[in-house]
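Handing you this structure, nothing more for now.
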Amino acid sequence: MQKIMIDPITRLEGHGKITLFLNDEGDLENAYFQIPELRGFEVFSLGRPAEEMPRITQRICGVCPEAHHMAATKALDDLFHVEAPPVAHKVRELFYMAFYVTDHTTHFYALGGPDFVVGPDAPAAERNILGVVAAAGMEAGLAVINCRKRNHHAIKMLGGRAIHPVAGLPGGWSVAVTPEMRDELVRIAEENVEFARFSLQLVDDIVLKNQAYVDLIVGGAYTTPIHYMGLVDANNHVNFYDGKVRVVDPDGVEVVRYAPHEYTQHIAEHVEPFSYLKFPYLKAKGWKGFVGGKESGVYAATPLSRLNAADGMATPLAQEAYEKFYATLGGKPVHHTLACHWARVIEMMYAAERMLELARDPEITNPNVRNIPTETPTEGIGIVEAPRGTLTHHYATDANGILTMVNLIVGTTNNNAPITMSIKQAAQALIKKGEVITDGLLNKIEMAFRSYDPCFSCATHSLPGQMPLEVEVLDASGNVLKRLSQYVD
Amino acid sequence: MSAKPKVAFFEFTSCEGCQLTVVDSLQDHPELLDAIEIVNFREAISRRDHDYQIAFIEGSCSRPSDEATLKAIRAQAGMVIELGACAHLGGINTIRNRQNLDDVRHYVYGDKADWYETYPARPIHAVIDVDAAIPGCPIDRDEFIMAVTQLLQGRMPQIPDHPLCIECKLKENVCVYQRGMTCLGPIIRAGCDAICPTYGDGCEGCRGMISNPNFDSLREVLAEHGMSEDAIKAKLTMFLTYQMMDRGGIGDDNGATNA
Amino acid sequence: MQIEAEIEHVPTVVMGVHTCDMHAIQLLDRVHATGYADQHYLARRQNTVLVSVECLRPCMPHSFCKSMGTLSITEGYDIHLTDLGTDYAVDIDSEKGEAIIAGLSALWDPTDEDYERLNRVMAEKWPRFAYRLDFDVTELPNLMGMSYNSSYWEELGARCLACGMCTKVCPTCYCFNVSDEVDLSLQNGKRLRIWDSCQVDQFAVVAGGHNFRASRAARQRHRFFRKGKYQTEAYGLVGCVGCGRCAAACLVNITPVDTFNELYRRRTERNHAEAKS
C-alpha cells in the first residue's frame, strides 16, 4: 500500500481533508476521511478529579455541550455508585429534551437539513438556511431563531448556561424546579410541540408531496445497508437520556441489546494501517472490512439509526410521524442516508412531547434533586444519545476519584466506518481508470458524509452550506494526481 | 472607527461555542447586523472578504503553521480581539501542556503521530499583539454586544477587572466557602453574573485572573479549606494552565513548558 | 438630547432591623443629605418604614456592637420592638410609626408593670454581650490617626485578596461608580449608578492612569481609616457599627476587632518604649 501524507480535517481548525487512493488500474481503491482530536481530552484528563468531567468534556463541542455534560454526569453516577433521586432523572431529562429541540432545529434548518429540504442536486449556494426560507417562507427563519431563544432560556434556567452548562452532579442535579419555573417550562414545551408540527408539515409539503423527490430519496446513490444502533427504553421506544443500547441488522432484526456496563463485550475497535482512527464494529458479526450487509460488523449511530433500531416512539405525535416515515419509504429499516434529516424532525417532535410530559409531571417540582455519594469510586460508564449518535463516556479512577482511564466514544466515532464507505461510494462513480471527473465530486463527497450527521459537519459546515474541504487523489505509487479544494484559506 | 466597520471572525483550536454565542446574540440584538458589516465568518456566512478592520479570534494557537495565519490577520486588522477563554487564556486546550507533548501525540495518534503537527497550545497574544479580549467560556452574549457598542463609540471594551466575589455578593449568593466548597472567585474577573457559584459550585476561572491577584493568599485559603496540593493544582489548571506555567510551573516535574 | 432621572422608590417596610444597622442607616441618612443631597437615596428613604428590634443576645460571634456603642438605639426608627417574652414593647419615633399603629387593637398603653418588665429585660441584656475592643470607642479616631505609618497595613495587604466582600456586606459603605450604557444604535442609553468598592485594584485609578492606592495595604488602610476615623470626623457618627459581617465574610480572617486591637497594642507598646527611653 502507498504511504500517504494526510492533513487532518479538524473541526477544530475548520477544514477537512480526504485522501482517495487509486489502485494500479486507476480505479478508486479506498477513501479515508480523517478526524483528529488535537486537544487530547482523553489524555489530559488523566490525573484530574472525575467530578470535573461534565464541565471539561462539554468543551469538546460548542454546539452540543449538553450531550457530553449528560453522558459525563451519568458516568459519574456509575463511578461513585450512587443512584440519583427519581426527580433528578426527570429534571435532567427535561433539560436534555430542551437541548434536543434546539439542537435538532438548528441542524435541520441551518446545517444538514438544507440538503434535504432544498434538494441534493441544488447548487450549494441554495443549500443553506436562506434556501430553506426561500422554499418554506420567512416564518421558518423567525421560528428557528425563536426556538433557539426559548429553549436556551429553559436550558439556562435548568443548567446555568446555554453553552457549557454547570448543573450535572454525581447523584443528581444542582437545580430544582420551582412552580414558577415549571409554568414557564410548560409554556416553552407547548411552543416546541407546535414548532415540531410545523416542521413535520414542512417535510410533508416540500418532500412528500413531490414524488420525484421521494424517488430520489429511496433510490439513488446514498444507500448503504448496515447495522443500526440506538438507545431504547423498556418498550424498545427511542429514548435519548437512558435505556439499553440496541443494535439491529440491515433487515431490522435485533442483534444485541446491552446495558451500558456491557459495551466492551459487544463493541470492539478495528485499526487500519493508514489511519490513527479507530473503527468501532459489532463483535457479534466481526470486522469484515469496509462493507455493509448482515455479515459485516459495521454499524451507524445517527437519528436514522435510532429510528431503525427502535420499535417506535414513546409519544403519540412522534409515533404518528414515525409510522408515516416508514410507510412512505417502503418499510423498516430505511437505509437511505438522506432520510436521516427527516428522522431528525421526528425526533424533534418526540423531544418536544417528552419535554411537555416531564414539565407537566407533578413530581417535577420535588426539591430533592441530589443524593450525596458515599461509596468509593472505581469505574463508571454513562451512555446517552447525543443528537449525532450514541455517546459513551467511560472513566476509571483511584480511590480518591482521580482519573486513571478515560475513553470517550463520541457520536461521530461510531460512524467512522460507514462515513468512509459513503465517501468511497460517492467518489467511485466519478473516478475511472485514473480519470477524475471533478465537477460535482466535492459536492457529492460533502453530502455523502454530512448525511451521516457527524459532529464535524456542524463545526466545519458553514451555515450557507459550503464546507471547507480539500480532496487529494493519489495514484498507486502515491503521487498526487489531483488536488481539489473549496473554501479553504 | 468608521460608521459601519467591517468585521471578521476567525477560529483556531476551539469548540466554536464562542462564535455560536455571537450568532445567538442576534436573538435579542438583531440590530447588530445594522451596526457592523460582517465580511468573514466561516461558521455563519459564505462571504469571505479579506478587507476588514476588526478581527475577532476564537481558539488557541496549537500548531506552528497557525502562526502565519495569525500574523496575516494582525497585518490586516486595525483591531484584533480575542474571543473567549481559548484565545484569551489558552484555556482547556492548554491542559495537555502539562504533560509531555510527545507522549500525548503518541497516545492520540499512535504510530502516525509524526503526521500531525502540534506544539503547546497558547493564547493568541502569545503569537501576535492583540488589542482587547472578551473573556469567558463561552463569552457572555450581552458582554459581546456591549464590547461591540463600545468599539463603535471609539472606546476599548470595558471588561470588569474586579473579582467575582463582588458579583456574588450583589446577587446575594451565600458564599461558596460557607457552603463547604471552594472557589477561585476572589482572583477571577467578574462579568459572568456568577453563574457557577449561583448554580452549584465554585468558580473555575474561565474568565481569567484579575490584574494583580493575591495568588499566594488564595492558595493558602484553598489549602485551609481542606484541598490537597493535587486538588489545588487541578483547580488552578482547568482554564489557567498557561498562566500557571508562566508563573514558574505548578510543581510538575516532567519538564513541560509553554514554549 | 433628553436626559431624565429615574427615581425608583417602591414603598417598603424593613422588618427586624438590628440596632447596629439602625446606626448605619442614621449615618447614611446624614451622608446623603449633607452637601449635595442624593435625590435617589432620599426618595427611597422617605418611602421606607423601619421597624427595628432590640437585640437581646449576640447574633453571631463576629459582632462587637457593644464596643462600638451601637447596641441600643434611641431615635431614628419608625417603630422599635423589644421582646418581653409574652409581648413586645412598641416604641414609636415618627409620624409614619404613629400612622401604622393607629387603631391597632392588639396594642395597649403600658402599665407600670409593663415598664418594669421592659427595664428588667434591658438590664438583663447588657451582660450577655462582651466588650471586644481593648479600648474605648471614643479613642478610635485618634488611634487611627497615630497608626497611619504602621507596618501592620503591609501585613494585612499580604493576606488580603482584595475580593471586595468586606465592602459589599458593610452597612455603612456606599461608594459607587457611574456608568454610561449605550445601545447599538448609539442613539439611546442609560446612565447608571453601580456599586463600587475601595478594595478593588482599579478603584483609585484616575484619568491619566495614576492609581492612588495601588497596593492592597494602602486600600485596607483606607477602609479602616474610613470606618474608624474619616466618617466619624465628617459626620459625627461612628463609621463602623460593629455588625461583624466583614469579619464573617473575610476568607483570610481580617477583622476590625483584630485590627483595631492590634493597632492599639502596638501604639501602647510604642508609648511604653518611648516613656522608658
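The letters A, B and C name the chains in turn, as written, and every chain counts its residues from 1.
Here is the rule we go by: a contact is a pair of C-beta atoms (placed from the backbone, for glycine too) under 8 Å apart; a residue touches a chain by one contact, two chains touch by 3 or more.
Since the model is a prediction, treat every value here as computed from it, not as a measurement.
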Winner on contact count, chain pair A-B
Farthest chain from chain B, going by mean C-alpha coordinates, please.
C
Rounded to the nearest Å, the gap between Cα centres of chain A and chain C is 57
Cα-centroid distance, chain B relative to chain C, in whole angstrom
39
Per the C-alpha means, the centres of chain A and chain B lie apart by a whole-Å value of 27
Chain C touches at least 2 other chains through residues none
Counting only contacts in the complex, chain B reaches chain C at residues 29, 31-32, 34-35, 145-146, 148-149, 152-153, 161-163, 165-166, 169-170, 175, 177, 185-187, 210-214, 217-218, 220-221
Seen from chain C, its contact residues with chain B in the complex are 158-165, 168-169, 181-186, 195, 197, 200-202, 214, 216, 249, 251-252
Seen from chain A, its contact residues with chain B in the complex are 5-6, 8, 10-14, 36-40, 42-45, 47-49, 52, 55-56, 59-63, 65, 125, 128, 145-146, 148-149, 152, 159-164, 166-167, 169, 174-175, 271, 275-276, 402, 459, 462-466, 468, 487, 489
Which bits of chain B are touching chain A when the two form their complex?
11-21, 24, 26-28, 42-46, 48, 59, 62-63, 66, 69, 91-93, 95-96, 98-99, 103-104, 107-110, 112-113, 115-116, 118, 121, 137-138, 195-196, 198-201, 204, 230-231, 234, 238
